[in-house]
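Order as written gives the chain letters A, B, C and D; numbering starts at 1 within each chain.
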């Protein structure tokens, strides 16, 4: 059974067709990459799968169960979470608190007990804080826990989002351009983290423009162009696919780093 | 310095010191009345700050909840034969229920739409209070029976000063507890990014509704206190100008700062008293002070002072 | 039939008044995302200064001109001294600043021009007209025509003149406009001046109907704000549509349902419309980008 | 935390600057000079200030100057109460005259009752003196008296089916409520009670609805401020076709100016103050009324109105009682206030008693009609 099945998904905004009849399957534990030129619909597809947008047609299944139309927080509860292309950091919190928010589903959360500030709430806070530190260590941000998130550099925030997503203990994690704007060292670190989490059995879906990163990391690659599927296969298959080469040469180079909306 | 400023319980502690000190310092009970009014307003503003400053949802209608608490405490004894304490508590619970029912649809709005929707709530409540004369006495208002707790007759400024002051301290402690808990982190997450909060498993709609209800309960409690303290309540209690004043208090003191809420309430309650000597220029000066404070301390008095102090200490 | 027509005219008259207030809100909002709660005071100044000047013996036209100039200067000062210095503050802080400004302006107006109510003579010699069995104030027609004329002029100004295009460019993308050599501070200052002008003009036109006093601005601002949001804060015709809708709802409420609860009726319908069209009646579709 | 505590203390101390010199008689006042009731509060304030100065120029009271301390409650009753506390606790006044709206007066009364300070209210509501409270007096007409005057006139003219159109302020609502309660006694049937908002600018919808009522003979508008003028104009606009009555809230020169020719034929119960010149010389009130008119017009350049007259009566009643008591001692002044007998005021001739802290009767009102842009007495 696939971790994620996208079946004939289409979405329209007014007259604009953003995705048209896209289908693919992601088996558990795989690193699955979505690529395509700007405007191909990669982030839109992420938004549909993660419940941020509702698709116009089609169906999405998660571990065999239909999740079409479910809200993001309901999907998170089932074990699906994501990061964002344009950072969605909680800027008014510290780095550790950002990750602690990711622990939300696994915390006892009773507003009345929270209001009263009972000792068990404080104990739980300490526990969450410890786990948050561990996740920060995992993504290479040891010792930054108390830093206000608003004061951290871009590359660090990218990794903070990954740590925060991991805190929800997902079975599927979707990473939207995890190494955009990162230098070579940071990119290598993030690739290492992704391999590690995939190695633990987690399914990873990612969108990325850095072709070198995608080609070395992904098990399989799905190529979108103008909202439609262009090709799907292993990195070597994609690298040699004439349609993919044409689409990229016809529009923009694979390595381009523009931050335009996908 | 940084540790003191960062301690979530410091504001409540500071206020506790003030509550104990003020009666020793002031020359007449009039100042205690002023302080009591500050506490009552601050109670609303602390709740509003949870909603606006932490969860990032605006309300231009909180005087509606304030008035519901006030009128419930008045109407229970006058028309339903209930003891004052029971009707006060019932009124607070009822206001929470109403906030839940109203919040469910209107919290789907964001930004200026939410502002208009809550403004509408305020207008509606205010019109109902003005027109249902048989129940509310209309624009001239109604008398409020005294509060008895057991054999203790809670009346006069000497009693209400302590009731309001201690309630405010408890409310501030509760707010501080809430903020450093899963619930509070969820609220603060919603403020910065609803979509990120959602993908991390936070039921955004539920938490918005939760904080809306909590802030309504704070407001209703304060409204009940004002009605019982004054012994008379009029529809101005729930007017839209009062709602806007609460927002001004929260923003002036500093959104996201509990101590700021108390200070904002203190400034806007005490300032008109201090400006009476300017006679007809009173309002112009009040407006000018509000403008200048907001321009100079644009994140609110307390957050601006805090970052200034931290910079000085570093 | 005549009753229905009378109620319709009542709604249109009131609606046109709200529309005049609302136009100023949307203009400033679209260029700066600031909701200027002192807009109601512009309306007040337009009416009050004119009425005070007329009472002091000035002819209506010079009195109106004086009022407009004084209000525009107030608008520019408001921007330059209070809003521009806080331009990097959050919208709610800027709103509180404009509320402070409106308390300040109102306070000075009450000292300078007193607290009595004033009126101005209507523009046309015939005060009322008979239309299909209903009677309508000619000044109401003037206000309606005035708000349509103001919207059209504004639209032409925004489309056809260089300055107007600068305002639109700033509204669409502040950074891009800045890169193209447009100074956003000048542009936003200009929109404050224009909205003050519109407010003053509106104040002069509505005073023969509404009468005026130093504190007329507050509630007008509240209704105008609701009208602007209902119509869609960024569409040029939004405020007119929003204003007319609220006016008509109030009149229908007062005429057919309950005059005590007409505002409740209007607000409930307004909220219902916002549920169906969260972007306002004429607002463009907004897709949240993540 | 020290600076904050210091700040709190400093701010709390600020109002303490105004302290009394002991050689003066301190008289407090809380008025609504801003907010919806400022239409009433502002002339009250002007009158108090002008007359306090006149009294002092004429040598003061019992050889002492009086000093007024006036606060603006912004038409908010909770503020009234705060200022009432301030007058008693902080300023330590010996008497209070004020309270513009009925709600404002009612909110303050417990403070003065508890402190034992005479309070002369300027509000219209009958609840203020009914039941009688030891320390509370009130010269103004009650709304109920205005109702009685209008209903008497309606009955005489055979216009027994009437409708109300009223604002939503305290004055308007209280008037309608009190009129409803006494309508039956005069054989008047109230067919409708329409209403409009505080800043509404067009009431033709409500008037059209009223006009369509079968058998309706007259319309009564209860309000203050700009409302009565707009209702009067709208009534003319839609050609109402039946007599329009206003309340004493419209008994001002401002109403005549704002309503213009539309006011022709409108009737209202007003104080003799507005028609002082038309009174016969034998009228005992004439001199007081003309004096008040001359003083205010000279000092403020503005015409007199009902509400300023209330303030005149309130302050002078207090002063009169202080003179008779020979002291400003609150208890003695209160006793003398209660013994006021035949005191000629703008509202009428006041005679108080332990069971009557109002002291005037229906004769204080005259039915006035607008004729050629001026007030004329019709009864």
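Throughout what follows, a residue touches a chain if its C-beta (ideal position, glycine included) is under 8 Å from a C-beta of that chain, and two chains touch if they have at least 3 such contacts.
Heads up on the chains, UniProt names are A = ABC transporter ATP-binding protein; B = ABC transporter permease; C = Branched-chain amino acid ABC transporter permease; D = ABC transporter substrate-binding protein.
What you see is a predicted model; the values in this text were computed from it and never measured.
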Most widely separated chain from subunit B (ABC transporter permease), with each centre as the mean of CA atoms: A
Innermost chain by mean C-alpha position: B
Rounded Å distance, subunit A centre to subunit C centre (Cα mean): 46
Mean-CA-position distance for subunit D and subunit B (ABC transporter permease) (Å): 34
Between subunit B (ABC transporter permease) and subunit C, centroid-to-centroid distance (C-alpha), Å: 31
In subunit B (ABC transporter permease), residues with contacts to at least two other chains: 127, 131, 195, 280, 282-283
Set of subunit D residues in contact with two or more other chains: 33-34, 168, 195
Multi-partner residues of subunit C (each touching 2 or more other chains): 110, 260, 263, 290
Of all residues in subunit B (ABC transporter permease), those that touch subunit D in their complex: 4, 10, 14, 17-18, 21-22, 25-31, 33-35, 37, 127, 130-131, 133, 138-141, 143, 157, 226, 230-234, 236-237, 259, 263, 266-267, 270, 272-274, 276-277, 280, 282-283
Touching residues (chain side subunit C, partner subunit D) in the complex: 3, 6-7, 9-11, 13-14, 17, 110, 115-119, 127-128, 134-137, 140, 206, 209-211, 213, 215-216, 219-220, 250-252, 254-256, 259-260, 262-263
Touch list for subunit C against partner subunit B (ABC transporter permease), complex: 35, 82, 85-86, 88-90, 92-93, 96-97, 99-108, 110-111, 218, 222, 225-226, 229-230, 233, 260-261, 263-264, 267-268, 270-271, 274-275, 278, 288, 290
Complex contacts: residues of subunit B (ABC transporter permease) adjacent to subunit A: 173-174, 176-178, 180-186, 188-189, 191-193, 195-204, 210, 214, 256
Of subunit B (ABC transporter permease), residues touching subunit C in the complex: 52, 58, 105-106, 108-109, 112-113, 115-117, 119-120, 123-124, 127-128, 131, 195, 240-241, 244, 247-248, 251-252, 255, 280-291, 294-295, 298-300
